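Report on the following structure.
Each chain gets a letter, A, B, C, D, E and F, in the order it is written, and its residues are counted from 1.
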């Protein structure tokens, strides 16, 4: 049930609008004055000044390596599956492909491409990755002169992504299991 | 101003301008009426604008400066814009080429022919009333003086006319939210209350209900 | 080669005849109405040229009235056409056949 | 002379009462019957009184009595001017009597009586006024006032399937006639240059400076054919039998008896004094047309199967005699014409009243279906027989006097001898044939079984109109001098002026001497 | 002199504005009473115009000769006010059939009246044009006032197109007349018009002005709008169109023809006669087969325009007086007829003659009124229509000796009358003797309607029986324009 | 043949046209700058030709001010792909931008942009009916927009076109009526004489402030500027009448808008703020010297610039009107107000005389 509130009828000066108009002009003029002469501008002069990015900022997704410098990705294609704009394209190695370059991994992607023109920086790939092989990093200024240039391949992604921590996934899984034990399941 | 006038009165220039404007006016008018390439009302309207503007040029040649301005202001600025507005509002499509009404066609040609004939006769016979050296200037001040002295009564009547036109237009274009009188349930009586001749239930309920189709 | 009254009158007459032709031959209400404006303008032209060559301003005053009245007439007329269009979406005169014998 | 004339009362009372009746609610049938009968009765009594006092009344300079003259539209010279002379006194008397009889006969009307009585009274008042009027405009105006109710009465209360057609035809014909006459009248008014509609003044003016012959010849056809259509002059007569055939009895009585005489009266009153040369010019044409009336309609009457149509046709035929009388343009002929007009008024009214009675009793007027009514309806049978005799022109009835006078009058014009012979044949032989045939078929012979239950008994009240009409017929048949005395001087004046200008001024004295002779002098 | 001479007009315009502004103060269900307020005010003005205390009785020209007050103007002004009063009565009865805008309707009627009043006094071409346009434009709106009804709008559009065409012609005519003669004022033109009888430019101008005026009165070649518009327009509008608009056309026609360009008029007598004859015949013949009452009256109004043109073609003052008298009679007659149509045919969408069936059972008053009005239209005594036709015929025949064509004209007029009798009596027949009337429910007639019907009927009889006063007035009016 | 007259007129035409376009271009820059300041931003401050950074201080400054931005914009418009959507009415689609630009340029013909320079009047055509001419030409401006809306064969431009036609007609009335008091007071329709009058009696703004307000608001509506930019309302109609346009055609609409703005600012200066006159330093007499003449032109330009700043300022302050509010304001507020204004002025003049 909607509540209908009667609109307040306007007073004489309000009906005349002029005070409001002048008031508006005053406000805008104040802003202009401030930004002109008092440095009140909030604009950041971008290439020279840079924004300090907050924690948890979701920039471009890159592939990362572990401490040994080997590829974390195992080509499970979960991220490809989950990617809303279908920006990720993984080519698995196939029976005759390259073996994984690290232990405890059966394979690594033959090719891994992210179309940065498509990517929406949602972070789902990061979340879904069982190997913690892909991370959204604080990179936002992706430019290029052609469309093809913005399709990042595995090498580029790995190069940009760098190394993030060690293999933490077991630690995380352990924590998860603990919370589940503690959690009363008595529904 | 003076130099402008002298320019206008220069025989060669004014003659040339006259033929330019006259031809342009007539060609545009002809294209309003019968455009071989398009039967689009917008095209007609646009050519009408051109005709009006070049007619204003003719007015200038006749030293009717005020009227030239008013001509453009009223016709081009308001009247034809209204036309365009209506055409766009109603989305009037191009006129279909229907079967030509032969009778109408020939009657039209005939009557126009007769009138042209009449005009030709008139022109042949018209006496040279033209003054030797026309000297009037259609400026605002003398026109205004005339308007408010000799023609003040028609002026006032025109004001009433404009009021009437305004009332009429507002009435015609206002949409009624709902008819003031609800029509009697027309489901049972197909013939009654089809149009707005709806029966007021308050005043004549009996006649409405007893009326049946025989 | 000098331009006199006759030349202006000729233009005016031709304009009038053209307008009349349009009124008679065209089938679109709006175009008919435009042709009517042409006819009125022919009268305006005649009046202005007479006024110039008669050395009297009266004619121009009449033109003033004609323009005013024509504007009012157009306003009412277009409102009417719009109102009619709402009831029957056509601007074609031959479709206006409700009123017949 | 601006005291109110008795004529105003005669014509005015019915109209006044008609307007009064508008106020009476339509379910008070007794009241408006009684009131209208009373009004017609008063009007008749006044007319009789006027007739009796005619000789004693004061005569004005133009020879009219009971004159009243009230200006009406000064700018056009229209005035309310009434008065009587010998020409119209009989007509007014006849009109008033017929109106009274018609009002009495209206008992046969059973629906919408109020409207009927109002229209009837309007009609009677209008026609009496028209006869009394001495102003062209009122003359025409009051006639139209009487004419319009006729259409409505026939249309609403008429009988038979052809009602609508007949109404349409009668309306159209009579309107055309009236309008053509109107044209003629206006032309007359304008040509005189007198700027007056007053008939006596008009006559004076035209006497002083007669109209040129070509103008007369131009105007006369308008009057002749305009009035002629109103009078059912052959060949413009077809509305009459048809209309009377469907009309309710009172309407038929009033119209055929009185209203129809208007055209003839107009010719006598206007054309004879104002357009004498045109009269002469057109004399033969009128006479031939009259013969058309007499012979053609007599022949048509013989072929009729409907009693009303028969009477209607015979009434049309009788008009021929009157036209003949007028065409003769001499004193005797004119007197005879006026006499027939009066007589035929009574006769036609009586005939239509009787046929109405029969229709009311039997529900049919087909002659072949009727028969033997004399036994069942002795009173009516007798009257019908009498009427037929009068129609045949037997002596003792007023018609006889008139017809004989007309024949004498016409015979005195050598050019018309042949026509008179034809007319005699037509009038007497053909008339006798169809009348006797009708009488035989209606009154005698076997009585059809469906009429066995008819009761002939009627109250005295209902016999009054028939008796009255028959009595009048007999009265004027036996004592025609009652009328001729009054007619002759004025007819003489009319013919004198006509003769004067026909032959030119040299013969004035002779022509003036002539009128005093009368074939039936007293 | 100047502003006091238009007191009447000013009052009427003020009344129109008051009626319009009353929208703010009057509840929607009471708006129809505004009509009665308007009636009272107009009746007051009518009385004032009769009182002769200087409001309209100072004769003479004012506003530099563009406005003239003379007996003819006065005659027509009274006629117009009277017709507006009756139309307002009719509109009040009709009000339940307007979806909205009652007060606008009333005020537009009053504004149209103002235009007519100006037209009655117009004495130059500018006033003529302006006042005629005021009337016409108002009528565009009045015609379309039932804007939920297609017929009404269609009629208005047709009226609009043809009306605009007519005004284009008229304007061009004015241009030519002024161009050749240099005079806009009628009196001024009268002095010079004689010189231009052979100037084709001038004659063409006169012809075009006649076209424009012929449209207003629905004379023959410009009559095409009349039936459609009469049929489609709301009944009060139709009534006003039949009277006011036509009378305004005639007053201007009389002024132009007899004041401004008498020489040309005499030059053109044959044209006028032919127009009149054709109009009479056309109107009457086309009216015969009509089933729709209003359409029939539309054609009949064309015929009546023809009769009225007789008076113009007569070229004499008795003809002009006859025109005025006839118009006065026509006012009451036609209004009465439209009253009946509005009251009886309110439930019948097609407004056919057959809708009148059994009217004498349903409402004897209305039946009688319709009968009287039809009889008067047909020109049968003792009603107003007869006397008017009588005067017209008289005027025509008066000219007969000068030109025998007049006799032919009179004869054609008679033929017209006779034709007209057939269709007028068709209406009467439908009222009284239709076999099985569909609907016999009684019709209640409201008090004001009774009152106004009584006025109409009284007027019909009065003009038929006591023509003296009005006729004298008309004659003095006619003599004023000579 | 007065060749002198023709040549000087041609020169004036060229000069005024150049100036007008420049002003229009820089008005865009001003718009961007001012909007930036009002919104606490910086505005365009980068665009510059490559060599400019080698100019010491001035180069940086000019770059920061964005002086080269209009040139870059213009270049961009010219080089962009001129895309004609399918199904447009070609002729009108091509014609519309031109039709909208031409009147906006023609208007300035009667504006006196200075007193005298030498012996030349600083006005292209000194018409006695100057203001009427202006209104006439301005009223033609609507055709460009209407045609653009009609030609695009797309619903949003169509709406824009319809809106604009009704809006411009409506506000023309109040605009026209608002200036009548000015003529009543000044006694002439000739713009030069009006300025002369003001030079003698003081600015008309003080005599008829209400006229100025109405004129100002109406010219906002006439130029389709916020708060009356209904025809191009981005949030509702994408881009209104010019939605389907690109490249130079689009630029022409922009040019027309800013030329119109300039012209109406010029008109306001002429009518209300004394035109080229300034009541100090004897600058209120028609110039006799070259310096004074140039000063007058500069004064005029400065006044115009100030008013244009106002236009821009207002744009960044007001929300857009709703369409019914727009019409309501025009018809039910400003027209009566203008009438009352005329009445009061006339009464005042009548009493004083």
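Please note the rule applied: a residue touches a chain if its C-beta (ideal position, glycine included) is under 8 Å from a C-beta of that chain, and two chains touch if they have at least 3 such contacts.
All values derive from a computational prediction rather than experimental measurement.
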What chains do chain C and chain D have as common neighbours? E
Give the label of the chain whose average Cα location is farthest from that of chain F. D
Which chain is most remote from chain E in terms of Cα centres? A
Find the most central chain, measuring centrality by the gap between its CA centroid and the centroid of all protein CA atoms shown. E
Would you kindly tell me how far, in whole Å, the mean C-alpha position of chain F lies from that of chain C? 34
Quick one: chain A and chain E, Cα centre-to-centre, how many Å? 84
Give, as an integer number of Å, the spacing between the C-alpha centres of chain F and chain A. 47
Between chain B and chain C, centroid-to-centroid distance (C-alpha), Å: 5
Spell out, as numbers or ranges, the residues of chain B touching 2 or more other chains. 66, 70-71, 78, 82, 89, 119, 122-123, 126, 129, 150-151, 154, 158, 161, 164-165, 168, 172
Each of the following residues of chain C touches two or more other chains, namely 16, 19, 33, 49, 54, 56, 58, 61, 65, 69, 72-73, 76, 80-81, 83
Could you say which residues in chain E touch two or more other chains, in rising order? 126, 129-130, 133, 137, 140-141, 144, 147-148, 150-151, 176, 179, 182
Looking at the whole structure, which two-chain pairs count as touching? A-F, B-C, B-E, B-F, C-E, D-E
Which chain E residues qualify as touching chain B in the complex? 6, 13, 17, 20, 28, 63-64, 66-67, 96-101, 104, 107-108, 111, 114-115, 118, 126-127, 129-131, 133-134, 137-138, 140-141, 144-151, 176, 179-180, 182, 199-201, 204, 346-347, 349, 436, 438-439, 441, 443-444
Considering the complex alone, what residue numbers of chain C touch chain B? 1-11, 13-22, 24-28, 30-31, 33-35, 37-38, 41, 44-45, 48-49, 51-58, 60-61, 63-65, 67-76, 78-83, 85, 89, 91-92, 94
Chain E partner, complex, touching residues on chain C are 12, 16, 19, 23, 29, 32-33, 36, 39-40, 42-43, 46-47, 49-50, 54, 56, 58-59, 61-62, 65-66, 69, 72-73, 76-77, 80-81, 83-84, 87-88, 93, 96, 98-99, 101
Given the complex, residues on chain B that touch chain E span 118-119, 121-123, 125-127, 129, 149-154, 157-158, 160-161, 163-165, 167-168, 171-172, 174, 176, 179-181, 191-192, 194-200, 203-204, 206-208, 210-212, 214
For a test of understanding, state which residues of chain E touch chain C in their complex under the given definition. 125-126, 129-130, 133, 137, 140-141, 144, 147-148, 150-151, 153-158, 160-161, 164-165, 167-169, 171-172, 174-176, 178-179, 182, 184, 227-228, 231-232, 289-291, 295
